[in-house]
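Think of it as A, B, C and D in the order they're written, each chain with its own count starting at 1.
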Amino acid sequence: MVIVMDGKVKESHIDNLSEKLKSMGFKLQTIKGEDKTVIGIIGDTRKLLSFPFYSYYGVVDVLKVSKPYKLTSREFRELSTIIRIKEVTIGGQEAVLMAGPCAVENEEQIDIIARKVSAIGARVLRGGAFKPRTSPYSFQGLGERGLKMMSEAAKKYGLLVITEVMAIEHIDMIANYADIIQVGARNMQNFMLLKEIGKIKKPVMLKRGMSATIEEFLLSAEYILSEGNKEVMLCERGIRTFENYTRNTLDLSAIPAIKELSHLPIIVDPSHATGRKELVGPMSKAAIAAGADGLIIEVHPNPEEALSDGAQSLELNDFECLISELEQVAQAVGRSMNRIYTSV
Amino acid sequence: MVIVMDGKVKESHIDNLSEKLKSMGFKLQTIKGEDKTVIGIIGDTRKLLSFPFYSYYGVVDVLKVSKPYKLTSREFRELSTIIRIKEVTIGGQEAVLMAGPCAVENEEQIDIIARKVSAIGARVLRGGAFKPRTSPYSFQGLGERGLKMMSEAAKKYGLLVITEVMAIEHIDMIANYADIIQVGARNMQNFMLLKEIGKIKKPVMLKRGMSATIEEFLLSAEYILSEGNKEVMLCERGIRTFENYTRNTLDLSAIPAIKELSHLPIIVDPSHATGRKELVGPMSKAAIAAGADGLIIEVHPNPEEALSDGAQSLELNDFECLISELEQVAQAVGRSMNRIYTSV
Amino acid sequence: MVIVMDGKVKESHIDNLSEKLKSMGFKLQTIKGEDKTVIGIIGDTRKLLSFPFYSYYGVVDVLKVSKPYKLTSREFRELSTIIRIKEVTIGGQEAVLMAGPCAVENEEQIDIIARKVSAIGARVLRGGAFKPRTSPYSFQGLGERGLKMMSEAAKKYGLLVITEVMAIEHIDMIANYADIIQVGARNMQNFMLLKEIGKIKKPVMLKRGMSATIEEFLLSAEYILSEGNKEVMLCERGIRTFENYTRNTLDLSAIPAIKELSHLPIIVDPSHATGRKELVGPMSKAAIAAGADGLIIEVHPNPEEALSDGAQSLELNDFECLISELEQVAQAVGRSMNRIYTSV
Amino acid sequence: MVIVMDGKVKESHIDNLSEKLKSMGFKLQTIKGEDKTVIGIIGDTRKLLSFPFYSYYGVVDVLKVSKPYKLTSREFRELSTIIRIKEVTIGGQEAVLMAGPCAVENEEQIDIIARKVSAIGARVLRGGAFKPRTSPYSFQGLGERGLKMMSEAAKKYGLLVITEVMAIEHIDMIANYADIIQVGARNMQNFMLLKEIGKIKKPVMLKRGMSATIEEFLLSAEYILSEGNKEVMLCERGIRTFENYTRNTLDLSAIPAIKELSHLPIIVDPSHATGRKELVGPMSKAAIAAGADGLIIEVHPNPEEALSDGAQSLELNDFECLISELEQVAQAVGRSMNRIYTSV
């Protein structure tokens, strides 16, 4: 960590801060520039993340030299994390496909979808049972009843289940039905929830908050890892910008950036990011080309009848066409889609 | 609600959507333009918020004509909501001052602050006991012990208490100590939490999410109101933009905008918005000039020693100077600061 | 165009606006909803873009039904525009590669680069002679001297030249040396410049402004097309968001979005968008996978010595490796890279 | 300037960069931390703004310690710049009011407005003759004819004239009619234009670009100052964010921020920032409370008939009411509005 002080302040002000830092066990080294004095702090500066530097007279800037997260970082663990769930691996050479409806609506709907997406080659069934909706007047999901339907359909067709948890008191129940627990974008900084999820043994997919920087995203993952749960995958799902043709702006540069900064797998959700089904195909291919470890895509047998987010759901036939194109893009970048069942 | 369809699609596509809407009980009126057909939907269109219009062939745009929130809107309730808590009123002619440390640190700290801010004229003591921090390695708050300290200090000096709730299971405990429950920016769309807070009888201050539009902000308030709790005040605390000199960009135009759209009081938090104590004074005066119903400001007797957010905390003496300037700005816009004790 | 009026205003207010619009030659159709009145305006509503609707009492919303641009739109011209310059086609089945240094520095530098990028398969040599720099203290380019050097190197190795114009009085001079004139992001709404460029006969590449919506981007292209110059290609180069790991956020969803809205070719600049050379490869592949018609990439034989933007410049060898991967991605999405010379 | 290098790289890599910097005349001081090495560069580091640090192996971060602008900075000139034009001063104790129509439409319109705003107390008449419009189909202004009309009306009623220049070839003509030349937001980084304006002797008002940081804003001012023109005032007019209730988000925290960083006066444009006339009043008062040196407000005798931006234009009577409130807010923060004529 590097502290920049106004070069015109008295020695005593520099000493004041220096003494405090030394008393906390840090070593210091000072550079006197033309109009600024720079203090380099040597030691584990993560402890100083909430230190009130700016309250010290003369401090004009505080520059972080080390990353504020540790367990999540590529420096801590050079090898990419590979998460194995039954016969599916996430984060390895193969990119994984997760697909399903925005919301579980009824047994028939989820059965049709599970059968089809399994036949096409998806390995994970997605679907919401508890729906976080912007408006209290929108459909809020079927709750545990929906989880049961999804879990049965997934088993029948050899799929894993991913679904979102929205409250601490639901964690155990959801862990019963799901193979991967999803933390939604709106809860990316619900730190109490993150801590509790860190205490269970179940893979987690953490979605990036709509206005979260990559650094904050990795710090939220750190909350889970620091409680002991190492099976965390990240999910880029669009950030909020001034552009309003798309619902959000899918930040694909976050994929190679995160690959460099962290060892965790990264999945992309083109459906929520764009909010437009005609953009899902191109952005899925782009995500795989950029190095994503998987995709999570909304599909619906009959989008016109969807109770939630129909506008961004692919029809099952369109989804089928997309898959073979994805396979080719994956091969072009030296990977493949995780499609062949090793057992069902 | 107005649906725009491509003027070149066949009648049957327009009929398809029309029949569906009519079967849901809506009346329709259609305008054929030069290259677009517009369908006006008459009825309570809030039910259509999650209707998958874009899945219908030929739909090119969906335009909301009515606001998606109801109880929160100025149309529903023309008179401004005034919240009365003991002898303090929020939302009336007087603007209220809330002040205190970012985090409660110990008995002495909170006692010094409570005494001073009360003497200066604040009516509400703020302070965090459960701290939502971006990093798991930052100070996380004293928990219930902190609440007790704050509650005692507040009683001693005739102040109300406002503090943040971060999880459903904490609601009752916090309601025991606090006069106003705060929902933080990171939880603005934690809908489960909002619903539970809607069920209790306790004033709430809902902070705007860092990337929430004014419409989403009001929809989150609607979650609370629709469960029965009508004592909701809003809090503008800065939105995330590309500008990084300030921590966030304080959106003061949200004050008159919300005053027009809603009957709820609106408080401003210049400390978290700017992240720089030297900007707190000017932005506090600007907020009052723009029509804010109150301010929530971080102060610390010794910012250099603060365990959290010292950079944005005003020293108590600076805070005292600010108050008299605020009083004058309030008068200039036909209001006053709620400073005279009716009882202690 | 659809005007939404408060349903409670008097008839006379509705009549007031209606008469005005009728007097301008528009036909109107009115829908009376429960609490809003909707007026549909039929005719060429582009004339109404700056009509002061909100000054009319009772108007609460103005909804655009038709796109504000015409010549640029896919509706106006269904077939994709293909720009042919000598033996290079842009916008067709083949994606084109433009490469070169940020700034032309000297004869040797531009010769080395031109030889190499030509050998690898680029068809267009990029390079700045007039550099728009954020700071007046940065290197500002060699001016016409740089243009000459670039033009000679390009001819020698069978490349086209693309370079930026920054002022109206430079248009003719630059058109003398360049095959494609670039309008930079900072000038996307320099409407005077756009109009003048619209009057010449020379292909143009218009870069998206850092905070321009897709609609504004297409409106700026409309300025050029409406003056007669139809050979316009667009360039996505990143938009400004709160994320600061990358210099800007490359908005790849703009590619399929623009393909749907417009018939113009779209090129992607991953170098300026990310500002980090290690992200250029992944984002180039992603751009091609998403359907881009070409890439413009910064390269340098010795980035450590670059006078401008070295951080984002690929070394020539890294660039060579990238090309063969790009070729495979292009094939995976049914295209190819425009690499084989038909004549030199 | 401080360079952060990966602590694991070989000495030779550090030496490589160090030698280069020393050869450029800089002194260096190095701090070896636990996993990073920090190099402090001493000297005038503005020359290094475009140095390709990241191209050097091992460089992980570059931290600016000094501000990249000089003439614009408060460090360079501690005393606030006061611009005197005839009997009007800008940047002093009095805040100035500029008012007028978005566009000059005809002689009668500008005469009515000039008479009225002069009577109310404005000192500067604003009005556009060359209108930079997003769409080529919008009204583009009357050109020089409009300038003449405005100039005559201003003289008649003792007002100064401010109007926008959009192209280098217009500078002289506009300087003939105007007392203050405005550079619009879309041209904030039209560096060629800035340089030419820097060469004339005429006060300039530079508007902040829609996506410009405060630092970039001050660097653009530096372009003008470094050419010799010291009479520059800045204008905050809203930045682009995801919020779409207002046209842009007025960043009032930029006022105290700029006051701290720079000695230049800062004016606020609440009309363009909000795009809604009902927000102009509250935001004007907030701007003065936050320390603005003046306001530039759009007014129109009959907004319903305005050819441009009627939605945000105040009616003259509403403007009159606002003034007396502004006067009181100004007094509350120790200032006054520059309203009393010293000569006409």
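Quick note on the criterion: a contact is a pair of C-beta atoms (placed from the backbone, for glycine too) under 8 Å apart; a residue touches a chain by one contact, two chains touch by 3 or more.
Quick caveat: nothing in here was measured; it's all calculated off a predicted structure.
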Practice problem: Go ahead and align chain C to its copy chain D using Cα positions, then give the rotation in degrees, nearest 5. | Solution: 180
Exercise. With centres defined as the mean of C-alpha atoms, identify the chain lying farthest from chain D.
Key: A
Quiz item: Approximately how many whole Å separate the CA-defined centres of chain A and chain B?
Solution: 27
Exercise. Quick one: report the Å distance separating chain B from chain D, using the average Cα coordinate of each chain.
Key: 31
Quiz item: Just how far, in Å, is the C-alpha centre of chain D from the one of chain A?
Solution: 39
Quiz item: What parts of chain D, by residue number, touch at least two of the other chains?
Solution: 211, 240-242, 244
Quiz item: Where on chain C does chain D make contact in their complex?
Solution: 20, 46-47, 49-56, 68-69, 130, 132-139, 166-169, 186-187, 189-193, 195, 209-211, 216, 219-220, 222-223, 226, 240, 276-277, 300, 303-313
Quiz item: Considering the complex alone, what residue numbers of chain C touch chain B?
Solution: 2, 4, 29, 31-36, 38, 40-44, 61, 63, 65-66, 75, 240-242, 244
Practice problem: Write out the stretch or stretches of chain B touching chain D in their complex. | Solution: 211, 213-215, 239, 241-246, 249-257, 260, 273-274, 278-279, 281-283, 285-291, 325, 328-329, 331-333
